[in-house]
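Next come the structures, one after another.
In what comes next, chain A is part of two complexes: it sits with chain B in the first one and with chain C in the second one.
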Partner chain A sequence: MKMTASEYDRLNKQVSPNSSVVKNCIFAFLIGGLICTIGEFLTNSFLHMGMLQREAAALTSVSLIFIAALLTGLNVYDNIAKFGGAGTLVPITGFSNSIVAPALEFKSEGFVLGLGAKMFIIAGPVLVYGITSSVVYGVIAFLFKLY
Partner chain B sequence: MPTRLGKYTLRLDNSPNIASFAAVGGKKEGEGPLADFFDILCDDTSFGEQTWEKAESRLQKDAVNKALDKAGLSPSDIQYIFAGDLLNQCTSSTYGLRDMGIPFVGLYGACSTMAESLAVSGIFVDAGAADKTVCVTSSHFCSAERQFRFPLEYGGQRTPTSQWTVTAAGGLVMTKDGEGPYVRQATIGTIEDLGIKDANNMGAAMAPAAAATLQHFFEDTGTTPESFDLIVTGDLGQVGSELLYDLMRHDGVEIQKRHTDCGLLIYPPDDKDVKAGASGCGCSASVLCSYLLNKMGNRELNDILFMATGALMSTTSVQQGESIPGVAHLVHLSNTKWQ
Partner chain C sequence: METFMEYLKAFVVGGLICVVGQILIDKTKLTPARILVSFVVAGVVLGALGLYEPLVEFAGAGATVPLTGFGYLLSKGALEGVREIGLMGALTGGITAAAAGIGAAVVFGFLISLIFKPGDKS
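What follows is the complex of A and B.
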């Protein structure tokens, strides 16, 4: 007699290994924490050079984006991400990687339809829903006079 | 002429002959346990080409040329070439083989394509429609990643059930007569779907097709797993192989002792990137055209069932939430021909 889909689903769940949540969380904490510590170090260095808080924060973001883009181009970032997981995905460095990686990959289809069109293939949804939710938040804040 | 056995299987009465075979692989394959059996290994994953797609075409071309060389034949001697790959519209095959001037039969069976090409070619040769043909398939990790998953440099984590697409091609020359090994029987697979939707667990999606084809073959031929030295699946990997054993046991057939999987042979078992095993058209093709046919050549293996499995989804079907159908084609390879 043939196995049913639900029987097979049960069997598949028994056989298929799950991701190791505890290990992934520890690595994400360590590597994500390290990236944020580097960010803090940069901010403090910029402040030390006499910049204002706003300037130092902006320059820290720009620096982290640059470092991540460079490491992506040097074929290093994805190797860190193998261990870092969410720790490399969530900080602004992950956003940088998600734009630079497709830009490099799809260059072979030309600068317009390849690089230009595919650059935001991963980051695009983040931008769309990030901007949309910030607008919704802004409207709610305005209507309820939360600011 | 082929004789029909039961509903699914053909007995190839003239026992088409495998005259020569060749496997070409990349850097990672060259570091694996089967490296010594490959004919050509290249440390440069791009094979000196500008794009990953061109690199994959190059793999096929090199595999065909090497197999023809070993048989002492030239492209003009070949009447049909049966080829396929994983890329959209099978461009690795068509671009790789376009200069050869051989009548081309393009096949698509996802990762099952090598067994499909052996079966179709075997039927052509057995029926007398051709006396010299070539079968070839390929896959390339980088071209497959960019088509099916993420850009190479994107920092993501692979799930434990995911599989690693092999960068390799395998090709062979089939002739009407020769010293063997011979293609004795072929079972064309049915499309099976038990509702797996996870594109990162293709072993689970393909195992039901493998089980169905094996059952069809055993029923049609009246054989059992013990009738063969080895039952080799294409790229079920760890998860798919376990599920295949369980599905076969559900029907009262035990195959675990006789079974191996190309996806578990080509890379070292402790390779952390590979996760559940290797996959891709080039996986079963290159393992067949290196390790397996060598073992048949020196008589360590005499009768094997070679069954490549394919997951028949596309990126669109996965995004639309469809489940993943599988297919598995089987050929019986033997060192003795039908009397």
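What follows is the complex of A and C.
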């Protein structure tokens, strides 16, 4: 099949955005799934140690947050995120990464308004909207006696 | 075999939730910050509607590890707070339930940022 360079460009543009979306989704699925599987493994291990479900779940979050913070400090997490995409962003490890990465980057601007403030550049909005919506839900549940 | 199925369910459900995020990034150009905010709020709303609990029972960490699980935890806490101490519980419940995660994120985030140097932007 013969085609001119411009025809080839046009066809290439038609095909590549979609194929890259599919590729990104596969990586996000595999890496996100893997992080959740590690979480399931941690929860099971904590349950085997005799913890209650609630304690085990909380310690799983704490462990994943610690691991991701450490891997971000070691500059490993951001390299995984380059191909993990949303697979590294959406799990709670991504939340942890969103705290450490800007904190490190803006450390040179000082410990209060650099590190201390920039930690929350993404985590801040997450907490603001998450907590506010949960309080709104609590008030609605109280008013309409949904509890 | 049962344990294998449990891990498989966590893998598939957790992976699929991340795929939703990836599609939002690629198709709508939402920034990572907006994705995370949307996922937490979605978790609160789905938790409030009672739709997230079955997913947690089905997939375990596959549903609790993604940030929607954090939202679910907040909504569950708010409801328990209201049940236990009334209106004030709406204010305290969510944060109480999520306290371990929030505390860990702040303290570990701070300590790691203190200890390590910024990485090369390669």
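Basically, the second predicted complex is superposed on the first by the 128 of 147 C-alpha atoms of A that agree within 3 Å, B and C clash if a C-alpha of one lies under 4 Å from a C-alpha of the other, contacts with A are read in each partner's own complex, and residues count from 1 in each chain.
Following the convention adopted for this analysis, a residue touches a chain if its C-beta (ideal position, glycine included) is under 8 Å from a C-beta of that chain, and two chains touch if they have at least 3 such contacts.
What you see is a predicted model; the values in this text were computed from it and never measured.
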First, second, both or neither for A:Ser61, with chain B first and chain C second: second
Chain A residues touched by each partner, larger count belonging to chain B or chain C: C
First, second, both or neither for A:Ile92, with chain B first and chain C second: second
First, second, both or neither for A:Glu105, with chain B first and chain C second: both
First (chain B), second (chain C), both or neither touched by A:Ser19: first
Touched partner set for A:Ile80, first chain B, second chain C, both or neither: first
On chain A, positions contacted by chain B and by chain C: 24, 72-73, 75, 78, 85, 89, 94, 98, 100, 104-105, 108, 122
Touching residues on chain A, where the partner in the complex is chain C: 20-21, 24-25, 28-37, 39-44, 57-62, 64-66, 69-70, 72-75, 78, 85-87, 89-96, 98-100, 103-105, 107-108, 115-116, 119, 121-123, 125-127, 129-131, 133-135, 137-142, 146-147
Interfacial residue positions of chain B with respect to chain A in the complex: 50-52, 146, 150-157, 159-161, 194-196, 201, 204, 208, 239, 242-243, 246-247, 250, 273, 276
Residues of chain A defined as touching chain B within the complex: 3, 5, 8-9, 11-12, 15-19, 24, 72-73, 75, 77-78, 80-82, 84-85, 88-89, 94, 97-98, 100-102, 104-106, 108, 122
Chain A contact footprint on chain C (complex, rising order): 3, 6-7, 10-27, 32-33, 35-37, 39-41, 43-45, 47-48, 59-62, 64-71, 74-75, 77-79, 81-83, 86-87, 89-91, 93-95, 98, 100-102, 104-106, 108-120
